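Okay, so chain A shows up in both of these, paired with chain B first and chain C after.
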Partner chain A sequence: MIAIDQLCYHSKLRYENPGEKFAFAGITLCICVISRTIEVSSVVLAAAGILTVWKGGVPVSRYLRFLTVPLAFLLLSSLAIFLRVKEAPLDLFALPLGRWYLTASRDSLAYVARLVFTAMGSVSCLYFLSFTTPMPDLLEVLARLHCPALLRELMLLIYRFIFILLRTASAIATSQRCRLGNKDYRTSLKSFGLLGSALMIRAVARSGRLYDAMEARCYDGRIRVLSESRPPRKSVIAWIAVFDTALFFFALWRKFCG
Partner chain B sequence: MSDQIILKADNLYFSYDEDHSHSLNGLSLEIRQGQKIALMGANGSGKSTFFLCCTGILKPQKGRLFFKGEEFRYDKKSLLDLRSKVGIVFQDPDNQLFCASVYQEISFGILNLGVPPEEAKKEVENVIQQLEITPFRHQPAHALSGGQKKQVSIADILVMHPEIILLDEPAAALDPRHIRMVNQMVDQMTEAGITVLIATHDVDYAYGWADEVILFQEGRVLLHGSPLEVFSNRPALDQTNLEPPAVLELFQALARKGILDGSQTPPRNLPELKRAIEECPGP
Partner chain C sequence: MRKNEKRILAAAAALALAFGAAPNVSAMHIMEGYLPGGFCVAWGVLCLPFLAAGFFSIRRALEQRRNLITLLAMSGAFIFVISSLKIPSVSGSCSHMTGTGLGAILFGPSAVSILGLIVLLFQALLLAHGGLTTIGANTFSMAIAGPFVSWGIYRLCQKTKLNRRASIFLAAALGDFCTYCVTSLQMALAHHEDATIGGAFAEFLAVFAPTQLPLAVIEGILTVLIVMGLETYAKPELRAIGFLKEAK
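Showing the complex of A and B:
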C-alpha cells in the first residue's frame, strides 16, 4: 500500500486532471466487467498497462510484480470453480477417486479463463488510477460526484493518519526489539499485545489533540479545503471518448457476433 | 510601539483532573500589543495549558481572560471570532496537519474564516512563497521532514492573519537550519505587527530575541520583566531550573575582571559581545 502511495506521487501522470483519469479507469472498468470476454479484457489490460508504465513512468518490473498480487488469489479461487467432484466424469479430464471423479469440463475451463482475464483487466484499470492519482485528488473527484461530505472527510483523515499510525507502530516495535522484546515466541506475542494497546491509547490521545488543533483554526464541523487540480484538457477527453467508444463497440461485437 | 494590552489573564485556575492538581494556579499576566514575549519554565509549568486557554480551547475553571479589553465569551460565535485573531502553532506538527496535501492543509483555516475561494487561493500562494514551502508543496504530508512540517504548520496559522501568534516550543526537534528559518519567520511576524508569544527552553534565544520574558512556575507567573532583569535574577532562574544565557554570563565575568566596562548595557547576543570585546582598549 505504501509502495503504491509512493509510486503515485512520482507518476508522470500525477498532474493530469484527476477527473480524466477517474473517467478513463471507471468507464473502461465497466466495459471490461460487463463484456466478460477475453478479447476485450486483453485490450483493456494492454491499454491500462501501457498507460501506467509508459505514460506514468512506473518501472515495468514493479508493475508486473504488482499484477501478480491478485493473480495468486485469482488462481486459487478459480481452481475451486474449475474442479468438480462428481460421480460421472466430465469432458475435459477426469481423475478417478474411488467411486468419484475429480473432473472438469471444457465449458468451465473457458469460463475460468474469461473470469481470470476480466479480473486482470479490471485490476489493471484500478492500478492505473491508484498508480497515477494521489488520494487527495481522488477525494476531489468524489466531491464532484456528490459523494457525502462526511464520508470524504473520514477518508481524508484516515488516509493521513494511516501513515502516522504506521510510523508510531514501527517506532514502538523497534524500541521493543531494542529491549529484546522478541527474544522468543512468548515474549514476542506479549510485546505485540502491548504494542496494540499502546497504539490504541496514543491514537485516542492524538485524535483529541488533532481536534483541538482544528478547533484552534475555527473548525466548525465541516472540512473545507481548496482544490489544486488542473482543468481538464479537451484533447485528453477526446482520446478517452474515442478509446472507450471503440472499446464499447468492440465489446458489443465480441458479445453478439463473435 | 503601542501600549495597548492585547491579552490579559486575571487569576486563572485550570485543572485537568478535577482539582487534584492545578496546571494553572492563579495565573495573571498582561501582554502588550506588538511585543515579542518568551514564556519560560519547566515542563509542566502550565505554558501549553495557558496557550490552550488563550484560544478558548480550554476554559479556565476560575479567573478571567481578556482580548483587547473584552472578556472571553464561550459561545460558538465569539469563540470563532477569537480564534480568527489568536493563532496557535502546536509543538508537534503531526497533531496539527490533518491533510495529506500541503496546499489543502494551508487552505483549511482561511476558508473557515469565510474568505472567498479566489482570495483564499492568493493568500495560500503568498504564504507558500513567503515561507519557502514551494520546493515541497506537492509532496504528501507524510513524506515531509520534521522541519518542513513545522514550516507548513506555521503557514497554516500565518495565512489566517491573526493579531497574536502563540508558538509552543517551535524549535523542538528541529535541525539548526530549520531553527534559523523558524526564527526568521518569527521576525517576519513581528515586522507584520503581530504580537508573538513563544514558549521555549532556549535561554540564549530568549535573551537575544525577546522584549519581555515571563517565567512560569507551577501554574503561576514567577517573574515578568525585560530579558536582562529576568536573567540577572539568579534565585528565580534556579527555581525554574534555568541557566543564565551564555553571553550574559561571559559579559559579567569579563566585567568582573575589569576587561569590559560593567556599567554599559550588556550585549544581547554573540556579535554584540564580540564588538564590545573588540572595542575595549586592551592592555
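Showing the complex of A and C:
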C-alpha cells in the first residue's frame, strides 16, 4: 500500500543494525547539507544510490522513479530563485516584456545548480534510510537517542493505524467508484467529503475497541516489539567512519581550497 | 442543508474550473537538503516551545484519561491518510490536502503540533514528501502556523456568530493559505541571492500561487464537507473528541 514501506522490508540491508544505517544516513546528510557544493553532493548521491540499489537490492527503475518525486517542487522553486523581473537585463538571457525584462544571471544559474545537486544528494541519503530501515527499527534508534517514551508510543501506534485507515479508505473509495461516485467533479468532491467523514467515524470507533483489546492484554503504556536486527558489526562501523571522515575532509577542501 | 450543500458544490466546481488545471502538487513540503544548515536548526528551535506545549498538554490529558492514547494515535493516522489521498481535481492530476486545518478544528492546535510533527516525519520517510533536515521548517509552517491560524479564525468566527460552514471554510482555507505564505517566506529567507528578501518572497508566492491557491480553496470546501458529514452522522464521536462541547 505504501511502496517505500514494502520495499524496505524486502531490502537486503533490512537486518543490518539500524543504528549503523541511521548514523551513516544522518552524518552523510549533515555533511552534504552543510557543505553545499556540487562535488560533495555528487559523491553522496553516488554513494547512497549505489548502496541502496546494489547492496539493498531496490530495483533501479523504482529507485529512479522515486528520485523524480520531489522534482515538481524543485522545478518551481528553482524558477523562483532563477528568474528575475527587472528593468535592466542580466547577463545570461533576457526576454523583453514591455518595459521590463524576464531575465536571469549566470551567478544565479550556478547558485541553482548547486542547490539542485545538494537537494538530490540529501534526498538520496533520506532514501537510503527509508529504503533499508523499517519504522519499528527506527523507533529503536530513537529510544537510544532518548526520544520521550510517549512520543515513541504515539509513533508506533500511528504507524500501525495508518495501514488500517488506508485499507478502509481504499475500500470506501473502491465502492464509491463502483457506484459512479466520481462521475463528475461535483460528485467526486462530495464523495471525498463523505469518505473523509466516514473514515473519521470508523477511526474513532476503532480506536475505542483497540484500546479495550490492548487493555485486555495488559497494556501498561508500553508496547514491546522484538528487535529483529543484528548487533552492530565493527567492520561496518569502521567503513562508515572511514567514508564519512573522508567525505568531511573532501568537503572542507572543496570549501576552503577549491 | 441539501440546498446549501448543492450551493457549496456548485461554487467549488466553478472555482476549480476558473483556476484551471493544477499540476502534480502536494502540500508545499520543503524538500530534503533545500535549506542551509543554519536555517534548519533555527526553524527547529523556533518550533520547540510549541512542541513542548503540545507534548505537555497531551501528557496531562493522558494522565487523566489513559484511553485517549488510541484516539490520539488514530487522529494522527487520520491526518496522515487524509493528506495522502488524492483529492479530486479537474485535470486528473493529483494533489493532496494538508489535513492540518481539519485536525486543528477537531482536536485543537496544541495536540496537532505534536501529531503534525509525527505525520511529517512519516511523510518524509514513507512518502518521500519533505525531509529530515527540513522537518523543523515544515513543522513550523504546516503543524504550527497553519493550525494555529485555522483554530484562531475558527474561534473568532464562532465568537462573531458567523455561519458555521463559512467559518469552517475560512479556517481551513486561510490556514492552508498561511502555510503557503510561511513556506514561501522560509524559502525566501534562505534563498534570496541577489534580490531583496521581500522580492524573493513575492517570487516564491507567485510561482507557487497557481498550485497552492486552488488547493487552499478545495481544502476549505472538503473540510466543510467532512465536518458536515461528521455533524450529521457522528455526534457521539465528536463529543468524544471534545469538538461539540466547545461548540455549544
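As a convention for this text, the second predicted complex is superposed on the first by the 238 of 258 C-alpha atoms of A that agree within 3 Å, B and C clash if a C-alpha of one lies under 4 Å from a C-alpha of the other, contacts with A are read in each partner's own complex, and residues count from 1 in each chain.
FYI, a residue touches a chain if its C-beta (ideal position, glycine included) is under 8 Å from a C-beta of that chain, and two chains touch if they have at least 3 such contacts.
Everything numeric here is computed off the predicted structure, so don't read it as measured data.
Following the overlay on chain A, a side-by-side fit with no clash is recorded for the pair chain B and chain C.
By the touch criterion defined above, A:43 lies against neither chain B nor chain C after alignment on the C-alpha atoms of chain A. Shared-chain residue A:5: touches chain B and chain C both. When the two structures are aligned on the shared chain, A:23 is found in touch with neither chain B nor chain C. When the two complexes are overlaid on their common chain A, residue A:126 makes contact with chain C while staying clear of chain B. When the shared chain is aligned, chain B comes close enough to touch A:226, but chain C does not. Across the overlaid complexes, the C-alpha centre of chain A sees chain B and chain C at an angle of 80°, to the nearest 10. Once the two complexes are overlaid on the shared chain, A:159 sits against chain B and chain C alike. When both complexes are overlaid on chain A, the residue A:190 reaches chain C alone and has no touch with chain B. In the superposition on chain A, contact of A:216 is made with chain B only, not with chain C. Here chain B and chain C are compared by how many residues of chain A each touches, and C touches more. Of the two partner chains placed by superposition, chain B and chain C are both touched by A:135. With chain A used as the common frame, the shortest Cα distance separating chain B from chain C works out to 9 Å. On chain A, the surface patch touched by chain B in one complex and by chain C in the other comprises residues 5, 135, 157, 159, 164, 206, 210, 214-215. Per the touch definition, chain B reaches chain A in the complex via residues 52, 55, 57, 76, 80, 83-84, 87-88, 90, 92, 94-101, 103-105, 107-109, 111-113, 117, 120-121, 124, 138-143, 156-157, 160. Those residues of chain C whose C-beta lies close enough to touch chain A in the complex are 5, 9-10, 12-13, 16-17, 23-25, 28-37, 40, 55, 58-59, 62, 66-67, 69-78, 80-82, 84-85, 87-88, 90, 102, 106, 114-115, 118-119, 121-122, 124-129, 131-133, 187, 191, 193-195, 200, 203-204, 206-208, 211, 218, 221-222, 224-230, 232-234, 237, 240-241. The part of chain A that touches chain B in the complex is made up of residues 5-6, 9, 134-136, 156-157, 159-160, 163-164, 167, 206, 209-210, 212-220, 223-228. Chain A makes touch with chain C in their complex at residues 2, 4-5, 26, 29-30, 32-34, 36, 66, 69-70, 72-74, 76-77, 79-81, 83-84, 105, 107-108, 111, 115, 118-123, 125-127, 129-130, 135, 138, 148, 150-151, 153-155, 157-159, 161-162, 164-166, 169, 173, 182, 185-186, 188-201, 203-208, 210-211, 214-215, 221.
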